[in-house]
Amino acid sequence: MRILVVNVNTTESITDAIARSAQAVASPGTEIVGLTPYFGAESIEGNFESYLAAIAVMDRVMAYDQPFDAVIQAGYGEHGREGLQELLNVPVVDITDAAASTAMFLGHAYSVVTTLDRTVPLIEDRLKLSGLWDRCASVRASGLAVLELEHEPQRALEAIVHQAELAVTQDKAEVICLGCGGMAGLDEQIRRRTGVPVVDGVTAAVMIAESLVRLKLSTSKVRTYATPRPKNIIGWPGRFAR
Amino acid sequence: MRILVVNVNTTESITDAIARSAQAVASPGTEIVGLTPYFGAESIEGNFESYLAAIAVMDRVMAYDQPFDAVIQAGYGEHGREGLQELLNVPVVDITDAAASTAMFLGHAYSVVTTLDRTVPLIEDRLKLSGLWDRCASVRASGLAVLELEHEPQRALEAIVHQAELAVTQDKAEVICLGCGGMAGLDEQIRRRTGVPVVDGVTAAVMIAESLVRLKLSTSKVRTYATPRPKNIIGWPGRFAR
Amino acid sequence: MRILVVNVNTTESITDAIARSAQAVASPGTEIVGLTPYFGAESIEGNFESYLAAIAVMDRVMAYDQPFDAVIQAGYGEHGREGLQELLNVPVVDITDAAASTAMFLGHAYSVVTTLDRTVPLIEDRLKLSGLWDRCASVRASGLAVLELEHEPQRALEAIVHQAELAVTQDKAEVICLGCGGMAGLDEQIRRRTGVPVVDGVTAAVMIAESLVRLKLSTSKVRTYATPRPKNIIGWPGRFAR
Amino acid sequence: MRILVVNVNTTESITDAIARSAQAVASPGTEIVGLTPYFGAESIEGNFESYLAAIAVMDRVMAYDQPFDAVIQAGYGEHGREGLQELLNVPVVDITDAAASTAMFLGHAYSVVTTLDRTVPLIEDRLKLSGLWDRCASVRASGLAVLELEHEPQRALEAIVHQAELAVTQDKAEVICLGCGGMAGLDEQIRRRTGVPVVDGVTAAVMIAESLVRLKLSTSKVRTYATPRPKNIIGWPGRFAR
Amino acid sequence: MRILVVNVNTTESITDAIARSAQAVASPGTEIVGLTPYFGAESIEGNFESYLAAIAVMDRVMAYDQPFDAVIQAGYGEHGREGLQELLNVPVVDITDAAASTAMFLGHAYSVVTTLDRTVPLIEDRLKLSGLWDRCASVRASGLAVLELEHEPQRALEAIVHQAELAVTQDKAEVICLGCGGMAGLDEQIRRRTGVPVVDGVTAAVMIAESLVRLKLSTSKVRTYATPRPKNIIGWPGRFAR
Amino acid sequence: MRILVVNVNTTESITDAIARSAQAVASPGTEIVGLTPYFGAESIEGNFESYLAAIAVMDRVMAYDQPFDAVIQAGYGEHGREGLQELLNVPVVDITDAAASTAMFLGHAYSVVTTLDRTVPLIEDRLKLSGLWDRCASVRASGLAVLELEHEPQRALEAIVHQAELAVTQDKAEVICLGCGGMAGLDEQIRRRTGVPVVDGVTAAVMIAESLVRLKLSTSKVRTYATPRPKNIIGWPGRFAR
């Protein structure tokens, strides 16, 4: 089976890290294909960039010309998953949902530790829309930007561990979700430091995507995610024009 | 004062109707400028089209090179308002929120009557995110597509009245919101037929936009809607590239 | 257009301040009439006084013998708005709702800063009933009584600014609502001190009342706010006896 | 022990029926004193009348010059209970809360059957404020006015039974609350007809009032229901002037 | 009337204390019978022990061979009440619900102070399921185990008072519920120390059980708590085998 | 890897069917071990039976003397999962949660179709406690008992399809969850008949259990599901005595 793992930003090294992390947990027969959008911001830390990424991710997936079995949208708290679900007939898994959904099997409440404070409301809103908010103890910001995670891994780790510890002691979280695609691979270290299970959305999403494919389940097309009606799309420079 | 009223689809005749409707209620000193996105779908009836519209609306507003005092996003239940709020320093009013917020001053519960059933969950989700869901009795679909509203006005009117009556008698709505920018101008007829106040999001949004400008209030920049951080945006064919 | 702005307490100087503040933002053609109840407490800081004010406000409005186009109830978190809506055919706007509703167009979450801690639950409950609670980050008390606001304006300002800052930094509010009619006029100073938009319910209510009148919208009479049924009212010393 | 049972309307025959019903279930040592407000409407079916009753009930209780141990406010879904709680040091029990609270010990969900449809939102709102809404399956209106209950008992019974049956079969209620003080005494007949437990708020409130007195528990005075602060109350023709 | 008060653990001295406390507030004609389960843990501080207690309580009640009028399950936040309600035709009152329900008549919000932190989520979940969560300000742990309450009463008292004070000052609770059957009898001391009403679930439950019996009300049998269908129960060493 | 799939009732043929269904979707290296409790009811259709099953399942798992990697509790809406999580260090997956969690990746809302109406509130409550309720459109009963599913498969299928269709058309479900372990294997037929994805909790749980094991994630032990404290457990005839 082939699973597309689409980065939401245009930084190739993050795409590579995500894809490596995904491949590391994939089943023997699963091929992970990492995709970087053709346009958009180098990192996503707000609504404007996230909306642009929503379209860029759809554009990139539509441009992929080989068969595939599932798509993972590898941005935490980003817009766009619903659009992909309309456009595709294969399962679409957002890492925000994947991490939260997995965390709920591991503890009574979970927290998310993300990058900048300004992204916290986006994540909260996405979890609310996905119906996975009820057992969320908190969404906390480490204060580091997405690209700082890459360039200052040790400082990032410390900042994330610090917030994770506060989530456990103050907010009563029993599980931590890593709230950024760029945190892929940090889960084990943070688990050792905090003593609670740590869920990385990318690897969780690989499990869920594989599971849905194995169970032959895909997006319901009866209402919200029905295929778009045929209509004129004008002026668009990319692949949606018809 | 100048208020931009941005259509979410690329159908100019709808832009014109919306702008006319907005100008009709605007204060003497207010100039309404109707804008049509440069790209996107001729009508928005789902998530993919709505996400594309989100970017198209931002793109069109950023391309407007005259001063303006407020922006109205004239799509019901569409994505994107938060992005505009980040990009601009003037108030941004979405007609979804404007209609609901106004309706809550008029009755204990309101319903929305929209176009196709597939758009109902989008509207519900936007109202939930905006914190205006609590007094929503129902979102009902007339079953007519956006463009059918234009081409078959009488049939559209009957279908909307029918659902509005069900909203009042079965769902206990006391106010009806017109759930599509393309319904602008139908409010008075529907009010006469149903006996309850009918709120058109476009005219409600003009009032709110004017009010915010008069009160010198605009979007808070301390967190969720802070100006995007400077960063590399690549590959984008439109106006966001830096 | 004529808008009645009714104080909820019997302190004339507060009525004057509220009316002045309202007139300052009203449109050229709008006449603001400040009304003080004929009976009740000099300030409202609890349920008993608030219930008495509810009747006193209705009594005062019913005693007003000139035509008017809308009524503003200028008490924060007080009882009674629903009664006025039943008795009148013109729009009724409570400043509690007006401030919250306006704040929601300006930021992702808002806080209210009010007077005494004992009034916090009243405000919370009114916001819940009005369906405007979902995006409320907190209701905070400055610790100053209503009349202290009048007599010690500088101390009041400091106390309100202090709580507003806590609301922003700790509760993640992005907008502040002034939680007392007697705070009218303080918005600009608090905005400068805190850096976030500050909404004064009185001026916000003027905008909304004018807007509803301009849109020819008024209270729905089909259910909750239907005109009271004709019935014997006995023993009442005021204007409701029939 | 002496318990005041205060009717919310001015119809003496209803006061008598309520008091009789209360006395019938009271413990041997309990004296029930039925009180009729000195002013107000003959029946309460809306917010204006209910707010007037709120003050009238407080006025009547304050005028009572003998010692008493608890007060029952015998109106379903009416305003005012919080004011009484501030003014008194003895327990105050509203029959709305008493019925709902009791019903929740008897089944997984309960419904309320009340009089006119226009009072349904009042009852829903009171239950929400009291924190007793979560297990409410529905509030249904029999369509009969309060005074019709008195004058046409058999027709009233049939209408109530009909709605109770719909509550059980359609709304999945397992218990029925009688949603009007004037329904006191009908519980046994409705139970026989519907096969589910039927709770009359008046008798339930007697049990709770007696229980609180026996346990020496009364209203907390630390915050919401603290005694009103001493202040000037002017112009009031009744007993609150100081 | 005879009321069974069933301890959830197997420690006889706790059963005795609970029964004494219950008898002390019972009406003259009421006989309290304290029952200790035949099996289970010496104290209940988690889900496994609580599930075992659920069955042990049902087993013990079914083994009681004299008539009785009501049953009180005297564990705070434990499982099992719904099973008893199915098996019996007399009212069943859980002290968790009894305390919360009573507290809601005394203040705008209540907190629970319990034993170990690990039991907090159990109590929260039970209150949510019972529909009594809405006005809960917090559930706080004293940090003392159930049996320490018995052996170190003074230290327990101090720890409970400390958390109760935090509940009042920080969480804005106006009433405290004692969150453990083994705290029976401490209410008066804690009330004196904190200045707020303190509700002991055991005595509150006696009042409610007596009240339901006096009102001839018992569990609805139409749906959730219908008598179990006749079926083969195998292998069970206790009293449920048929 | 070895996964224990524990039936909640004592009917061996249901255990076999569940285990077969689980093995059919398991990965090559996964061994499914079906377990039947040593005691309890032949089918679980209510709280008493479900509480008994909770203990019986824990008892059966504790008696299993071989190593294993995860446990699936194969009853829909049953009690007990939290107890197993305390007792074990390997992941525990309840099929109720597994089905709902999986369904939420497939559509905007899901419904559950179960057996008897009396079990509907149990399922609703379990979904609420698990934080998976928000996107549940409805829980519907087919009206057939658990054992009728076995003995009258065709009639069961028709009844389930009928309710699933109502869930889609009336409740706006986009995905159907099979609400009984005994429905394992019916998913494909119901999907064909209704046109929406159908999730069987047993196969979904196998995917999740395998995923958690592969990701080396297990139950958090810091709070709610901490290992039971050592204590005296007396009188218990089974395996928990120490």
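The first chain written gets the first letter, and so on, giving A, B, C, D, E and F; residue counts start at 1 in each chain.
The working rule: contacts are C-beta pairs under 8 Å (C-beta built on N, C-alpha and C of every residue); 3 or more make two chains touch, one makes a residue touch a chain.
The model shown is predicted, which means the values in this text are computed figures rather than measured ones.
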Would you mind checking which chain's C-alpha centre is most distant from the centre of chain A? D
Suppose chain centres are the mean of their C-alpha atoms. Which chain sits farthest from chain E? B
Whole-angstrom distance, CA centroid of chain A to CA centroid of chain E, is 44
Could you state the distance in Å from the CA-based centre of chain C to that of chain F? 52
List, in ascending order, every residue of chain E touching at least 2 other chains. 108, 120-121, 172, 223-225
Complex contact set, residues of chain F against chain A: 25, 27, 91, 93, 97, 101-102, 104-108, 130-135, 168, 172, 174-175, 195-197, 199, 203-204, 207-208, 210-212, 214-215, 217-220, 222-225
Seen from chain F, its contact residues with chain E in the complex are 10, 37-43, 45-52, 54-55, 58, 79-80, 82-83, 85-87, 117-118, 120-122, 125, 128-129, 145, 223-226, 228-229, 231-238, 240
